[in-house]
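Next, two complexes with subunit A in common: one pairs it with subunit B, the other with subunit C.
So, the complex of A and B:
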């Protein structure tokens, strides 16, 4: 899996490309902005071709470690396959989910300002 | 009439992708007639997801070995129905796991729950020293 980090409006965007499973999940957990409790991250899932519960667990576990679990990881561009894994477990309830990354960044920036 | 395909893989996470790709290829054999494209896509993906979960569990609970133990996948194709079974030599387990308590942000414990949610039927049996989990779905 390829992890690309960029930023916009003061928010770190972590874009994932490839399969998010038991093999790649530790790589996501090891990503510094994902692992840092105080960094709000937009996780762009558009190019995730497949995600099972190991990938889901990595995202949920990373959110749990955030100082604000409900907003520390904001999700964008979830495709149908990824959505299925979230909805099967009800994990979508834990996250703010946006259809496009720009909207996710705007939301994350607003929440970050609100906390400071 | 049914067709049976058997595939034995090393119980190593590197081979999860092989298990998934084989599963999508086999499940796709059932698609193509009299169904909506979205139903077919869902059918294939649900098997891909279920097999990924089951294979990952087999690898995860195999314990430490000098050479990885094997996981054998058996695909039974019927006219509108596919059954995928995974056989491993791990310790016995139960498939009756509770729903994950999502509000506590669990990192693990979703696999068997997902399998039961996306398949029509899931059975488990112990034969000798082997576990066999069978997952079926009708298109």
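So, the complex of A and C:
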């Protein structure tokens, strides 16, 4: 799993590449912006080929630890495989999901400004 | 032009209660699933791509509609939040929308349109904003008009909210009566007002009175009278000397002999009165019943694997159980109570023993480590009442989660997948991992997860 961190508009974008499974989930959970409760993160899932329950657990667990659980982690660019995993498990209700990373950043930035 | 179809679960919650056997978006109106009317309308306005958004489960819709190639359009799917505005929806689907004009159809409403009219040029020329609306539903256009304003009379278009059984009945009858003139409806018919599907067996003495719509795989036995204004779904049997008039018989329903069904909606063994909203469930399958596809065979390998594994566990744990249980019971460290929980099948409950172990002394701790508090439940796996591993048993007071949208959302087990995965223990989050494994795991991986749950449970208790 390759984790790339960039930022735009004051929002950290964490792009994932590879499989998000039991092996790589701890790496995601350990990523500083994901683990920091105060940082709003846009998680770009475009290049995630496969995600299992551990990967799902890493994302849900990280969102639960954010000070704003509804918007602390915003998801973007899910492929159909990953989207179905979220929908099958009803986990999509916990997140705002965008099909474009720039739109997700705009949304997160607006929410962050509204909070502060 | 592209179209977004946006639905919120609260809009069609009534349908889950009344027609629990079908996802609300696939609810048939004149034998055509509701969602297909909307897709047809999107095509009429010139859409090349349609995105279906819902804040609840959408898998049955995706399985049915697939990628849209059946209609010659690109269909995609996504999720929304109940409080998302039109602007938020456009933002969440920015890549889908691109620079094109977007029509947002929001709400669980029936669109009254006429396939003979030219909606394409109208939709392309109307200004941005609301095109049509009704309580709980709207059609909104976004983006600059593609064409100059069209001249001529306004093209008729209106919305009817589907907010209950009465409006569903009205919309179905309206579609039947206006017939194939206004909408694309399924079935073959040599004359207007009569559409018949494939593999329909009609007795020589049966009478059909227009307008009627009959689905696929239907048997109309001797001396039956169908119509006027009857909608018969697919996989339906109408038995001898019965009549169906001004009524809807939904898919997989059996209507018994010598019955008169007038102004009703029959669905499985439920008979509904659309005017009053009253509904009764028939207990006598000779009067009214549902025709179900047996799922016993597909579940058999899992049940056999779970039963064998449970048998092994019962044998292995028998010695420590027979030694520890009497001692703990006598010492007052084994407290048990019976609780009613949902069974896998909606409407059925099972009574389960819940054991509280005092693990402060060595005996209790050993029993807890060996999961002896679940020992009695292992026997319920042999009778297939419980899975060896599945969902955490839900108390009977809570709503049953196995709705059509989440057909595999719940299968109570001795151990739960959440225990195996050591997920956060909050109820909602545990359900996420349980649903994941209910869909993805097989009999063999279940055994591996049982071992994980068995090992993890004492660890969870000690860390709690």
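Please note the rule applied: the second predicted complex is superposed on the first by the 116 of 116 C-alpha atoms of A that agree within 3 Å, B and C clash if a C-alpha of one lies under 4 Å from a C-alpha of the other, contacts with A are read in each partner's own complex, and residues count from 1 in each chain.
Note that a contact is a pair of C-beta atoms (placed from the backbone, for glycine too) under 8 Å apart; a residue touches a chain by one contact, two chains touch by 3 or more.
Because the structure is a prediction, the values reported are computed rather than measured.
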Checklist entry - In the superposed arrangement, which partner chain does A:54 touch: subunit B (first), subunit C (second), both, or neither? => result both
Checklist entry - Between subunit B (first) and subunit C (second), which does A:64 come into contact with in this model arrangement: first, second, both, or neither? => result both
Checklist entry - Touch check for A:85: first (subunit B), second (subunit C), both, or neither? => result both
Next on the checklist: In the overlaid three-chain picture, which partner chain does A:23 touch, first (subunit B) or second (subunit C), both, or neither?
Outcome noted: first
Next on the checklist: Quick check on my understanding: which residues of subunit A belong to both its subunit B contact set and its subunit C contact set?
Outcome noted: 52-54, 56-57, 60-61, 64, 80, 84-85, 88-91, 93
Checklist entry - Once bound in the complex, which stretches of subunit C touch subunit A? => result 55-59, 62, 77-79, 81, 88, 91-96, 406, 409, 417, 421, 423-424, 426, 429, 431-433, 435-437, 439-440
Checklist outcome for this item: The answer for subunit A against subunit B in the complex is residues 19, 21-23, 50, 52-54, 56-58, 60-61, 63-64, 69, 80-81, 84-85, 88-91, 93-94
Next on the checklist: Residue numbers of subunit B touching subunit A in their complex, please.
Outcome noted: 13-14, 16-17, 20, 41-42, 45-46, 48-49, 52-53, 56, 59-60, 100, 102-103, 105-108, 110-111, 113-114, 117-118
Checklist outcome for this item: subunit C partner, complex, touching residues on subunit A are 52-54, 56-57, 60-61, 64, 77, 80, 83-93, 96-100, 102-103, 106-107
